[in-house]
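Scroll down for the structure; my scribbles are underneath it.
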Amino acid sequence: MAEIATAHAPAAAAAASRVPVIELRNVSKTFGEVRSLSNVNFAVYPGEIVGLLGDNGAGKSTLVKTIMGFHRPDSGGEIFFHGRRIDDWSVARARALGIETVYQERALCEKQPIWRNMFMGREPRTRWGLLDVKRMREECSRLMSEHMGFTSAAVHPDNVVTTMSGGEKQGVAITRALHFDAELVILDEPTMGLSLTETKKTLDFVSNIKKAGKSAVFIDHNIFHVYPVVDRLYVLDRGKVAGVYDKSQISMDDLIDRLYRVARTGTLD
Amino acid sequence: DPTPKWCEGVKIAAFPGGPQGGVFANNVYNGFRQAELDLGPEVTYYFSDWDPNKMLTQIQQAVATGVDGIATYGFAGEAATGPVVQQAFDQGIIFTTLNTALPDSEKKYSPQGFGFVGAPNYDAGFALASEAARRANLQSGDKVFVWGLKGQGGDRGQRTVGVIDAFEKVGAEVIYQEIDQATNADPNAGTATFVGLMGANPDVKIVVTDHGGLTSNVGVYAKAAGLEPGQVFFAGFDMSPNSAQAIEQGYQSLVIDQQPFLQGYLSMLNICLTKKYGFSGLHINTAGAFVDKSNVAAVAPLAAVEIR
Amino acid sequence: MVTETAGAKPANNRVSPPSVLRRHGSQLGIISVGLVMWLSFVIAAPTVFTNVKIYAAFAQTTPQFGIIALALTFVVITGEIDLSFPSIMALGTAAFCIVCAYGGMPWYVGLAVGFGTGALCGLINGLLVAKLAIPSLVITIGTSFLYRGLELVLMNGTGVPLTAEDFPEMHDIFREPVLGFPVQTLWMIIIAVVLWVLLNRTRFGAHVFLVGDNPTSARLMGINVVSVKTRAFMLVGVMAVFAGILTSIYGYYFWPTTGDGFLLNTIASVFLGGTSVFGGTGSVIGTFVASYIIGAINAGIVSAGINAFYTQLAFGFVIVISVVLQIVIERRIRRQSLTGR
Amino acid sequence: MAEIATAHAPAAAAAASRVPVIELRNVSKTFGEVRSLSNVNFAVYPGEIVGLLGDNGAGKSTLVKTIMGFHRPDSGGEIFFHGRRIDDWSVARARALGIETVYQERALCEKQPIWRNMFMGREPRTRWGLLDVKRMREECSRLMSEHMGFTSAAVHPDNVVTTMSGGEKQGVAITRALHFDAELVILDEPTMGLSLTETKKTLDFVSNIKKAGKSAVFIDHNIFHVYPVVDRLYVLDRGKVAGVYDKSQISMDDLIDRLYRVARTGTLD
Amino acid sequence: MVTETAGAKPANNRVSPPSVLRRHGSQLGIISVGLVMWLSFVIAAPTVFTNVKIYAAFAQTTPQFGIIALALTFVVITGEIDLSFPSIMALGTAAFCIVCAYGGMPWYVGLAVGFGTGALCGLINGLLVAKLAIPSLVITIGTSFLYRGLELVLMNGTGVPLTAEDFPEMHDIFREPVLGFPVQTLWMIIIAVVLWVLLNRTRFGAHVFLVGDNPTSARLMGINVVSVKTRAFMLVGVMAVFAGILTSIYGYYFWPTTGDGFLLNTIASVFLGGTSVFGGTGSVIGTFVASYIIGAINAGIVSAGINAFYTQLAFGFVIVISVVLQIVIERRIRRQSLTGR
């Protein structure tokens, strides 16, 4: 199946000659007795929105966490950032280089106030090197009204996250990833639990990423969300890349058909 | 004229030393209580878990609350306690010691009522070990096992040092083992340790337990190690109801009784005498009472009520 | 059709099947540690460790804290801790002494009153912790002083002799070896089996795991968190009194300070046995084995010829190495990476 | 707004004359400074699927947890089960009476194996009163292959939930609620994180509930999921019931329009 | 347009605005408890508690454990615990004594060596806990014996006098009152301020909260969990040695048993101060106030005329009531229901 991936990648429109922002070569990931990824080749080119589809447990989130340096690939796998092979990959490194992620599990610290969650791991500091708490609170307030626009009184920068509604929590996770103006944004089922309005806003945001010349990886089980915004699509099945498509190569109905087929039989065609 | 409760109105801070309900401390406490009932002062008790730091802190607090007299141990040492003694006498508080002495302060403040009631620790240790060596007919090169608290603060460890010195003088080979925390608090916990040590050194002739709780428990140890009564010579410190039983059964061979009840009673009397009548400090040695099979019958009933 | 779907798929991402070994990783870890330690002791002090006497000694003294550790495992799995059990030991045994030695009642009445006292203490702990949601680590420090203070007041600080002459039945039940086998360890085995069943084969046990794992989820699914936690604390209370009786009968004497010195050994046994501080996981077998390890370390070190102040150093080394070893073996068995990346 | 609710409820097709399975009258719920529900009247009739819509933070999940007895309503609110007013309502009681819920937060104990999660709070016992662990394991295995049909090897009854993928966890939560054959099933965003196949299966299941004469409450932000299966719809806004509709009264497009409007202005019309 | 949307909505579900009071609920709880207790003592023993001497006594002795409690707050917020600090106290101070009293080096060299020893001990704890993911409660019991054993071996069980004549500078810095104000409490205030800034105004502090709240989330967002936890343990190590020096200079003597008896007071201060055992929440101010409460309770009870065996009972009551009161006040302020339904 690795052949399929390499076969399609060069064909990817307009991206062929450029160096990918991030590239995984031959990446596997084994947890105890479970192999969640096996020999995955994956690349995101500048200015490109890549969709990542696959059944539950196909390995999408594992792939995302491997890109972020949270999981270390099994030996043999390689990670390239702008063509440079990187060995000491870590989440801190990835974020510093401009990759932000909305994790499926949200990665919030629920006992903390919203403002602490918003700037988690990238807290702004004053010129004395101290934490700029005032700025964090204010900017959090601003982001919450500009980006999230939630209606409940419970959404106040100083409120803790635990008691927020599911959609509100998701809103915090999304806003956090989007406001840092990253070069590559990875969204793992970002619309999960979001209302109509918020979902629309998020999809708009993904489109804007492309307009700004940045890249994104977009995971969502709702094909109606994914198909319209992406340029290229990877389909994962049981840890393997089952197919890579340029959007021009495949219609939405065809895609849905194939996804049902892969879930049943393990092959796309 | 002779009056009952002639010490009424005098405020005393009394230190039984150990934890509440502890073996030795309770005897001292009973002595204090008897004096309190007989003489009538108003007494506040501070229990210090044998912790010199804690005791020092409590002494400071007692001084701060403005009592008339303090009866406490000297085991925190002259360096640590000296300044507090001075502060106390500056404020007109009578400071007196029991069990462990503070010789320099005593010399200085004896006329103002600084006294001492007790058995000097090093001497007591030395005396017990010498007596045990004599009775067990210890030869040079024989093995003895000393289970003590050398690492404890101040003067307390000196008793163990006294024991070891006496044995080394005879030329015996001393196996020293520090009493671990769990055994220190609950003597039963040391059973396996004892069995193991005796198994590794089967030719030990004398065992000295420098701790009231362990002394009272030698019957349990001996049985667990499969020792017959009298097979090994056990010597230890402090009487307790359990020690009396062990002596009667023949496991325990020799106990030195420091008479803690007296230490409590007389140190309080000392304060009252000074406060009311201006007497100078008493200096009384309560040591020297060896208990063995010959005299245990007399001591046992008193031990049962924690007077001996 | 749904069934077909699942069946038709090739399970091509399985590396190897989940094994019994893996499921019992934590128990195997501690058992291996126990074996390693035993072998080292046998090598270091062969005369001592080939003699049955030392094992008899372990078998008599370890249950004195091990039985509490078994019960404490339940409380720790619920995500709580109980630091008041040393005081409950004393208070319950004091109740026994008051009823029997002072009150002249028969021994079984005293036992009932003692266990009742333990249960009551546990109930108070449990209600404070679970009903008012007070952190158990703080509140049981508080109740520890409360129970100890009550005991001292009741006993007026004096102890009670518990000789074989005065309490022959108690000595038969709690002290005399059965066919040469130390009765204390017999009791520990019986209690371990009962508690194993309680933890692994009753609803209460199942709920102990769930409550400790995620109390909110447990409540959402209708589990009475307060009742589960409270019962766990009561279990510790009763077992603490059992251990108090065992200890006092063993020493022929009830000291008002009974229980002092039990805290660290007991807690260390629970955690060395693989029960997690964060709640939700733990095993009775692990605690059982770990108790005997903890109970044997000191004697082992001393018989190996390490003396005086070096014993504490060696004790520390052995504990640290045991814990590290246990964790490493457990992760190996479970095939987890050590650092979790 | 309470008038709207009462105005519509009697009009509900075929349900008017019957006694509701569950009914909330005048229920409010305040957390500290936030009022998440205010004076809500809500009823589910036998054999009826009720949709519950509303913006993020509108109070849907709070309503669900109040129905389940997890939250106690502020004083003044009443809960009726089959017409009987119930005062000592609790989750255990609700479940014993045949109400099962898929909570939005899934309510799993993640360090436990799947089989413990599956029977959480309703563990089967042998005739000796002991836990029937064997049956729990076997039935769990069966349910996992029949209902969930997940592809990953990580999904084994003895595996712990923590390391499962988002969709797999959701699958456990759904299967748990559905296999108990409850009289009333409440589903709070059940399709969250589910793949196409699994989503379809879940929606089919909701339809089957109706066929079996049981009732359900269905919450989902995806109107395309909700509209086809429900009989009646409640719209919540900032803790209040903003509207109740029979499906016959409103078309899907009209509904979407109104939902956007309520999010912006706070009123439906 | 989005902004408009949010602005245009009537916020009709707010009952009242979030207040400063609410945000600082836990600190206010413990402060109220402190006030209540102080008032009771003044009423019970007016002569003692209107005299400045008793406050001077508290001010001298409380920092001896309070300073460690302040640092321990960090470790507890990260979701861990350190039970080895009493041994680190002793080992670090022993290092000081060996360098200065035996080695004849100047006092500041000894201090540096002592603090270095503390930091090293903390480093070992931290790496074992964070790198190998070993439960801190177990492993620090182990290292506690290790450090204590090492200290006893180094000192061979004997103490060292630290008189004002031999160490005049040390006594000036750590013992002599400054303008009549006890220098120990001055130190405690300085350290509390520094640690407050560290916790609330630095990245390290922010990460302490996050790591304790949810280590997986923290790692997913790029926070180095191992480094954060290790630094927290090192902080405790250094502060433990500071406290050891303070205590020994106060007593003019270093005892090899230094630190025994500090465990419960220190831990109780951290938790009474409102820091959660589960990690993620806690405050330096809470610990500060709680330390003085714990430091005062015993003396307060004794001076209030409660005597002998009743003191422990009273101590237990006061602790239990304080904890309950603190929780109740905190929930009232936060307007949470007590039981969480």
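Letters A, B, C, D and E name the chains as they come in the text, with residue numbers starting at 1 for each one.
Rule of thumb we're sticking to: a residue touches a chain if its C-beta (ideal position, glycine included) is under 8 Å from a C-beta of that chain, and two chains touch if they have at least 3 such contacts.
Note that the structure is predicted; figures quoted are calculated from it, not measured.
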item: Apart from chain B, which chains still form joined groups through touching; value: one piece
item: Farthest chain (mean CA position) relative to chain E; value: D
item: Chain D-chain E separation of Cα centroids, rounded to whole Å; value: 47
item: Between chain A and chain D, centroid-to-centroid distance (C-alpha), Å; value: 29
item: Chain B-chain E separation of Cα centroids, rounded to whole Å; value: 35
item: Overlap residues in chain C, where contacts from two or more other chains coincide; value: 5, 9, 13-15, 18, 148, 152, 157, 264, 308-309, 311-312, 315
item: Residues of chain B engaged with two or more neighbouring chains; value: 20-21, 29, 150-151, 178
item: Sites on chain A at which at least two other chains make contact; value: 31, 33-36, 70, 105, 150-153, 238, 263
item: Sites on chain C touched by chain E in the complex; value: 128, 131-139, 141-150, 152-153, 156-157, 264, 267-268, 271-272, 276-277, 308-317, 319-320, 322-324, 327-328, 338-340
item: Residue ranges of chain E touching chain A (in the complex, touch as defined); value: 2-3, 5-7, 9, 11, 13-15, 18, 23, 197, 200-203, 205-207, 209-210, 213-214, 216-224, 280-281
item: Complex interface listing, chain A residues touching chain E; value: 65, 68, 70, 90-96, 101, 103, 105-112, 116, 119-123, 125, 129-131, 133, 145-147, 149-153, 156, 158-159, 201
item: Chain C contact footprint on chain B (complex, rising order); value: 19-23, 26, 29, 150-151, 175-178, 180-189, 191-197, 199-200, 202, 213, 216-217, 219-220, 224-226, 241-242, 245, 304-306
item: Residue ranges of chain B touching chain E (in the complex, touch as defined); value: 20-21, 29, 43-47, 49, 51-54, 56-57, 60-61, 63-66, 76-77, 79-80, 82-83, 150-154, 157, 178
